[in-house]
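Note that the chains are named A, B, C and D in the order they appear, and that numbering of residues resets to 1 at the start of each chain.
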Amino acid sequence: MSKLDVDALQAALRRFADARDWEQFHAPKNLACALSVEAAELLEIFQWLDEAQSRGIRPGHPLHECVAEEIADVQIYLLRLADQVGVDLDAAVRRKIARNEEKYPPEKARGNATKYDRL
Amino acid sequence: MSKLDVDALQAALRRFADARDWEQFHAPKNLACALSVEAAELLEIFQWLDEAQSRGIRPGHPLHECVAEEIADVQIYLLRLADQVGVDLDAAVRRKIARNEEKYPPEKARGNATKYDRL
Amino acid sequence: MSKLDVDALQAALRRFADARDWEQFHAPKNLACALSVEAAELLEIFQWLDEAQSRGIRPGHPLHECVAEEIADVQIYLLRLADQVGVDLDAAVRRKIARNEEKYPPEKARGNATKYDRL
Amino acid sequence: MSKLDVDALQAALRRFADARDWEQFHAPKNLACALSVEAAELLEIFQWLDEAQSRGIRPGHPLHECVAEEIADVQIYLLRLADQVGVDLDAAVRRKIARNEEKYPPEKARGNATKYDRL
């Protein structure tokens, strides 16, 4: 059973930053920048692949470890940012999933992903 | 104690996508796009604030709920993407933290955030 | 013949910012944030489309005007940022195209877009 | 007088892609991904700097050439994308500047950059 121990990881990341005197750089704004940068590094792996090729990136694929590492980078900055702004990650995710359930009723959303009715 | 129940959340998100026939849209490439888009929506909140103002966004601040919701969106797509590519989020994060400990020894990294020695 | 009058547009954008007292917000860092945010808004239009569908977005397509507007937003922030850091846009582009010609010789690059040999 | 010769540059980029058989990768969706990735590489240079430091990046600064190159990358993908979707860059920019003039009247926008009245 995979769980993310948010408290322990955030404490570890806090110690990591403190030991390097990086707390001064970890303003929420800067962490939001770093998060976008890491999300883009993840996207870079996929940019020239088509959807079908991207579905082939499973354990054992030559790009899998690379994807895992970029996913970890995004998760690390997200944990750090949530810590700095005092957001309870688990509560925020549960609240948002509940809101999405209301916002996109299955019968209306079925097979239609253009949330802005752009098409 | 805050924990993210990765397995349960990924199962819930899988059911959410299935119920809307959205699995067809959730190729890893598309989820990586969506993740970048959500990271940018989070960044948008901070773009005209300076670092000090961004440090003021704590519980009770008028922008706090907004930040919490965007953080949740990023986390949700990250959970979904990790599920689709078969990455164990907790293991990947722990591995990366260990690698960062080696890569940035405290004595060398102290107070210096320019990881590429660009300055 | 379509040309972008960089000097005139940058002067117009400078006046636009001055008239609103927005020069204070237009530090290069903030403009780089805004540029990433606008690039993501452009990406958002494409996120659930496949490559073939995206090739169909030509003049007359219901999403065309939307794409044009987001492209303009990216161009506007890029002009403004280049102005603030003193980069000659035309010279920088020509220099980079020349560098790319050397870096990716046609015979070696043919049909291979994985610039990092990740596959 | 600096002008960007959009037609000539787009023709050069078309020949560049053709000579490498990269046209197959240059679907608008993929170019929008690449544009976001390049915008993030530009942002990465600024992520740990504060606004004042970022204003110091002018010609002669050790990071200036680096910024110029990333700006060029964004401009190149923007030219290529505009070409692929048939957007007239100059017309789109002029239209958007006119729209912004209406949307943000100087007297109301003065010194206030929170376009969503989030604060």
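To be clear about the criterion, contacts are C-beta pairs under 8 Å (C-beta built on N, C-alpha and C of every residue); 3 or more make two chains touch, one makes a residue touch a chain.
As the structure is a computational prediction, the values presented were derived from the model and not from experiment.
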item	value
Neighbouring chains common to chain C and chain D, by label	A, B
Separation of chain B from chain C, taking each centre as the mean of its C-alpha atoms, in whole Å	25
Shared-contact residues (touching 2 or more other chains) in chain B	25, 30, 33, 36, 39-40, 43, 45-46, 48, 50-51, 113
Chain contact graph, described as a line, ring, star, complete graph or other shape	complete
Contacting residues of chain B [partner chain D, same complex]	33, 36, 40, 45, 48, 50-51, 62-63, 66, 113-114, 118-119
Residue numbers on chain D that touch chain C, as the complex places them	1-7, 9, 12-13, 16, 19-22, 24-25, 27-30, 32-33, 35-36, 39-40, 42-43, 45-46, 49-55, 57-59, 64, 67-69, 71-76, 78-79, 81-82, 84-93, 95-97, 100-101, 104, 106, 109-111, 113
Residues on chain A engaged by chain D in the complex (per definition of touch)	25, 30, 33-34, 36-37, 39-41, 43-44, 46-48
